[in-house]
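You will see subunit A twice below: alongside subunit B first, and alongside subunit C after that.
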Partner chain A sequence: MAVSQAPPAPPGAAVADATTGGTRTARSGSSGLVPYLFLAPYLVLFSVFVLAPAVYGLWISLHRWDFLLPVKPFVGLQNYLNLLTRETAVGNSFWESMGATGKFSLFSVPLLLVIPLLVAMVLNKKFPARTFFRAVFFAPYVLGVAVIGLLWRFLLDPNTGLLNYLFGLVGLPDDIPWTTALPWAWVALVAATVWWTLGFNTVIYLAGLQEIPADLYEAADVDGANPWQKFRFVTLPQLQRVLLFVTTVTVLSSANMFGQSLLITQGAPGTQTRTAIMLIAQEGLGSFRMGNATAMSFVLALFLSLTSLLIFGFFRRLGED
Partner chain B sequence: MAATTDAARPFTEATDAAPPSGGRTRWGLPKIAGFGLLILLTVLYLAPLLWMLVTSFKSVNEATRWPLQWLPDQWLTRSYDTILRPGSATPVLRWFANSMVSATAHALLVVATAAPAAYALARMDFPGKRLVFGLIIGTLFIPPIIFLAPNYVIVDSFGWINTLWVVIVPGAAGAFGVFFLRQFFLGLPPEIEEAAYVDGANRFQVFMRIVLPLSKPALATLLTLSYLANWNDFLWPFYVLFTPEALTLPPGLGRLQGQFNIDYPVIMAGAVVASIPVLAIFVFAQRYIIEGVARSGIKG
Partner chain C sequence: MEPTTQGRAGSRSALWQPSQSRQALTRRNFLRMSAGAGAGLWLAGCGGGSGGGGGEAAQALGENGEYTGPAVSLAFWNGFTGGDGPFLQEIVDRFNSEHENIAVEMNVLEWAQFYSTVPSAVSSGEGPDVGIMHLDQLATNAARGVIRPLDELVASLQLDEGDFDPTVWSAGLYQEQRYGVPLDIHPFGFYYNKGLMEEAGLDPEAPPQTADEYATALEALSEAGIQGHWVSPFLFTGGFTFYSLLWQFGGDLFNEDTTEATWNSEAGVSAIEWMRGLIEDGHSPTELAADAEQVAFLNGENAFIWNGIWQINAYREAEAEGLDWGVAPIPQIGDEPGVWASSHNFVVMNQRDADPNKQAASSVFINWISEQSIDWASAGQIPARNEVRESPEFAELAEQSTFAEQLEAVHFIPTVPGIPDAMLEIETGVNEAILGTKEPQQALDDAAERANAALEAAREQYEA
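Let's look at the complex of A and B:
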């Protein structure tokens, strides 16, 4: 199987090592072919499925590249120029989907940063059954987006869903079109996503909280700090690295949202909850217009890289305070 | 290193470090409020899963009745018969097996290729090292969406479309595993390896017999994270697998929803079949899985 290629041939390795001398210096000195043998299996994968497609994708984006047509004419930057304006059909869909991704991230990221931190701080106290709670909140993450999508599509069904029924029981409107109209569709997608990934962020926060030395809090107690001050001046600064990690991961996974939209709203109403990733996948792998799709993906990638830089910059400035 | 060992056992660590108040929880008002929040959240998490289970035993009428009918009149196995019978157009068990094979092979492939590469980058000097390392780390920051269409063309040229290869292999090229293991190897004390070289061992022997055994926790973490990522992958398999026998669970469940529309009992039965084994594994391995995730955050 694929795995068998992994360990580089031992006899060769032994020989190569012997030729450079089995001396002590061999460890830090150059050792001929051996490093390359160790690297080879991964580098094969890396070249074929990361390096090659990165370059190839750029090349594709410069063509009117329909996967199914034999002729793929070179069009220069035309695919990108089409995206610069909302006048073209493709530019219009693209910016609508970028807006959808942006809105979804804007709504979901703050919730996914704050609520898990709250839950983690509660779980960080001494509690009976803490392991149980932690496992329960984490469980949906293991189930994956497909199960979560199916389940929430059912819970949110405007006509027969549990959520509308419960709303009716407590005197709220029981006919909210969760999956078919705005703003409800956003509420639904954000709620399902928070439910799904809350445990993931909680677990990372919790590990971070447990790294904070207890004597910092004791010192704060001696200084007469109140709980808010302890949070502001001990917890938050100590969590900075973890916060950076959680923020980056949450922003990037929100920006990559696909399954929830596909399974819960199918992009409805119209295509207003179709995310950028969903559009790129449909355009490239559904309709095989790969020139358009790759151009879109590079523009999206540019946005995501800028966002990551902004996050890093923000945390660096925080660190200087 | 300290971060790693602490993260490996968060709870025992915290419990041991807690002030010696006789091992009993002290219940102040904030603590009661916190506990209330946890109970509320637990209901919010368990109720939907329970609802999924109950619904899978209903008839279509019972599942779409308004006002809601909580429990079925008769607990029917119709939904399960529909998806589990041989020759079903939506063979959920087959998808489950495909997902198992795919996630297992993928996770092993990641570890088997990333570990030697990471070791070379952590402990060996060779011409081109900085270039290779720079390239690998550089791609950590490239959003994977740009690989989507070109990789489709590449795997198609291998004839891999609609086979399990397509969900096992390309994803293993990601840079995270190499980066993660390299960090771990750099943290190992080099003296042990040096002693082995003095005893006449070669690099391959040192790697296999000393480094890998010392790295079991990191290897297990990487295995777990890769397994979960592959198990949950949705977009890529959704587009590269299409015949019913070839699907993995996530695209299969998408297909189930498309085919059964509002036959919620069948859809929920599919979700149950997909969930139960994973939840069972999770119950036994949850510490391990959760701590793998927690560690990735602290190291990252």
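Let's look at the complex of A and C:
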């Protein structure tokens, strides 16, 4: 509905733009409205489904807001002020959950950057049944979080789970509380997540690897480079844009972790593996304190924006080297 | 977006405010009236500011409480995703076949999802007509205008406290108005594995009922190499165990007017220490995952489990795999009897455009199911309605009847708005204390502090 309201771009203009679009200098000042017309459909969607709700959310965060109650008192920045200190119960819970999200990201992001890259490099080689293995590594990613959550909960159960049973068979401790004690709960959550999502990053890396011209490797061979040098001076620099994308997406999705904790550990022990999104969902949709919940969301969004900026800055400096 | 929400909230609030005509009538007056006339008044009261509809509805509800209006369909939502869902569906099917002009469509969602979905559905005018809610959810949903007062419905059906278990009946009130018609009471109960008791040289027909007997039985099981009682750090079943023991040791969850948590008392610490003692003495593995104690009982690994009455059919099904089990009241570990219980209540949702025919049909439906609750009892419940609970049919349900012996000792979670938030905190507190990440007193103190903040926030939210 929203899309159809946008005026269609003149077909002639589109063709002309596509064919003449060479360097940036050649286009400046000549294209007029055309780029904006192309952007308009997305802009409409973005405004309706992202921008407007975000602004509305900002408004909500300034109130004590329960959508069912007729009175929604304006409280100014109080919801934010409550979050800034650990003195309040809500601030305390919030920073504990931010800490949980932070820890999870810290543990899972490096693994989700490195392991898929290694897998992609192997899958990029020519060997029998390569397509089969590519499908196998991607397969878990198509499962929903409910499926993998239940699956891992059964596998990880300390008393009746398969994992501890197998550990026992090979002489390892068979009573590890995978879901109810630290650090095991983090190990379990990170492992389940890496298993679940590594396929996505692998596919992106694989596409990036296939884009690297073969002659660069040939030139490196001629120069007598060893495999490590080829990786360090050909593969990595060529993957830089892909790495930026994968890093950003992985950090953001780790910071949005919700279902795994909810299903596998239920936040236990206590609330130590309750992530920020889990708390926000509980606060807003369980306790109907939507003002608090939106304020938390904005603080989390601010953190994620800063993190993304840092990542972009880091890769830009890499590019200058 | 903003004006729509406000407008909607405004019109809804008009619906849920008690109307003038209703307030002018006392409860006793209602009771004197015939079923049909009473129902008419209830419906007129429900109509609120929208006007009209009362006379029409009085016609819709016949003299002996039958629905005589045009054919209507009722949406009936609940959270019975487990083995009890099919039982209720069967009862609903029978209702439908016996009532030509009422078609009830039952929709089952998981409870957690139910409690977050129903308010939004009601606020957007897409809510169900009738639903089931737990006792401790009634006040919050009443305060939020999700459900409507049922005083007139109850009066029109000529139901009063004499018809129900008095504790559960009085718990359905919020601000002196009735919001729930109790369907059942589901207490905690003691299940034991007869085979394992025999293995340990215990008499399977004499399950332990006191603290000493319990300790002796666990010792005997221990000597036979059986971990007798697995202690879960989660609400199912550790949380309910803690509540029951708290009451047994003379404590309570909240103060009299439910403004402050009081579980961090000596009684609370004693309760946790008894539970932790089972772990320290080796009667339970440490750091159990959720549901491990249930899986272990089904597999015949632990001898005793304290679990809800609703598990009866799950254990009966496990008989095929060799589980030989029995039931008894929760043993008295503390100084007095005490058992956690909750109750499923019928509720009627607020509607933006209340249809008097649907309301008449709803009251017929609620009354009929309540009368038929003996079938619901076989799903693993104790009927709230006296005539059903005291019937010979109920006495024949051996396990249910045994658990019903505890009714004198049962405690319910108090019904004030926001209580589910406060209960989440003690759930966390019990988790920390049983897992040992905090000392018992510390865990209970911290939980009480958070719960008090939650209760205060709820007071601000709902009593403004």
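Methods note: the second predicted complex is superposed on the first by the 271 of 321 C-alpha atoms of A that agree within 3 Å, B and C clash if a C-alpha of one lies under 4 Å from a C-alpha of the other, contacts with A are read in each partner's own complex, and residues count from 1 in each chain.
One rule holds in what follows: a residue touches a chain if its C-beta (ideal position, glycine included) is under 8 Å from a C-beta of that chain, and two chains touch if they have at least 3 such contacts.
If you're wondering where the values come from, they're calculated on a predicted model, not measured in any experiment.
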item	value
Contacts of A:Phe137 with subunit B and subunit C, given as first, second, both or neither	first
Which superposed partner A:Phe67 touches (first subunit B, second subunit C, both, neither)	both
Contacts of A:Thr160 with subunit B and subunit C, given as first, second, both or neither	both
Which superposed partner A:Pro269 touches (first subunit B, second subunit C, both, neither)	second
Touched partner set for A:Phe314, first subunit B, second subunit C, both or neither	neither
Superposed model, subunit A: greater residue contact from subunit B or subunit C	B
First (subunit B), second (subunit C), both or neither touched by A:Tyr56	both
Touching partner for A:Leu285 - first (subunit B), second (subunit C), both, neither	both
Subunit B and subunit C contact sites that coincide on subunit A, given as residue numbers	52, 56, 67, 153, 157, 159-160, 285-286
Subunit A-touching residues of subunit B, taken from the complex the two chains share	3, 6-7, 10-11, 13-15, 17-18, 25-26, 31, 34-35, 37-38, 41-42, 44-46, 48-49, 51-52, 55, 63-68, 105, 108-109, 112-114, 116-117, 119-121, 123-127, 129, 132, 135-136, 139, 141-143, 145-154, 168-175, 178, 190, 193-194, 197-198, 200, 202-205, 207-208, 228, 231-232, 234-235, 238-240, 249-254, 256-257, 262, 264, 267-268, 270-271, 274-275, 278-279, 282-283, 286-287, 289-291, 293-298, 300
Subunit B-touching residues of subunit A, taken from the complex the two chains share	1-3, 5-8, 10, 13-14, 17-18, 22, 24, 26-31, 34-39, 41-43, 45-46, 48-54, 56-57, 60, 67, 118-119, 122-128, 130-131, 133-140, 142-147, 149-155, 157, 159-160, 162, 165, 168, 195, 200, 203-204, 206-208, 210-211, 214, 241-242, 245-246, 249, 252, 255-256, 258-259, 262-263, 277, 280-281, 284-286, 290, 293-294, 297-298, 300-301, 304-305, 308
Touch list for subunit C against partner subunit A, complex	1-2, 5-6, 9-10, 12-13, 112, 115-116, 119-120, 122-123, 144-146, 233-234, 285-290, 292, 295-296, 299, 418, 420-421, 424, 428, 431-432, 435, 437-438, 443, 449-450, 453-454, 457, 460-462, 464
Parts of subunit A lying in touch with subunit C, wherever the complex brings them together	52, 56, 59, 64, 66-71, 73, 88-90, 92-93, 153, 156-161, 175, 177-181, 266-272, 282, 285-289
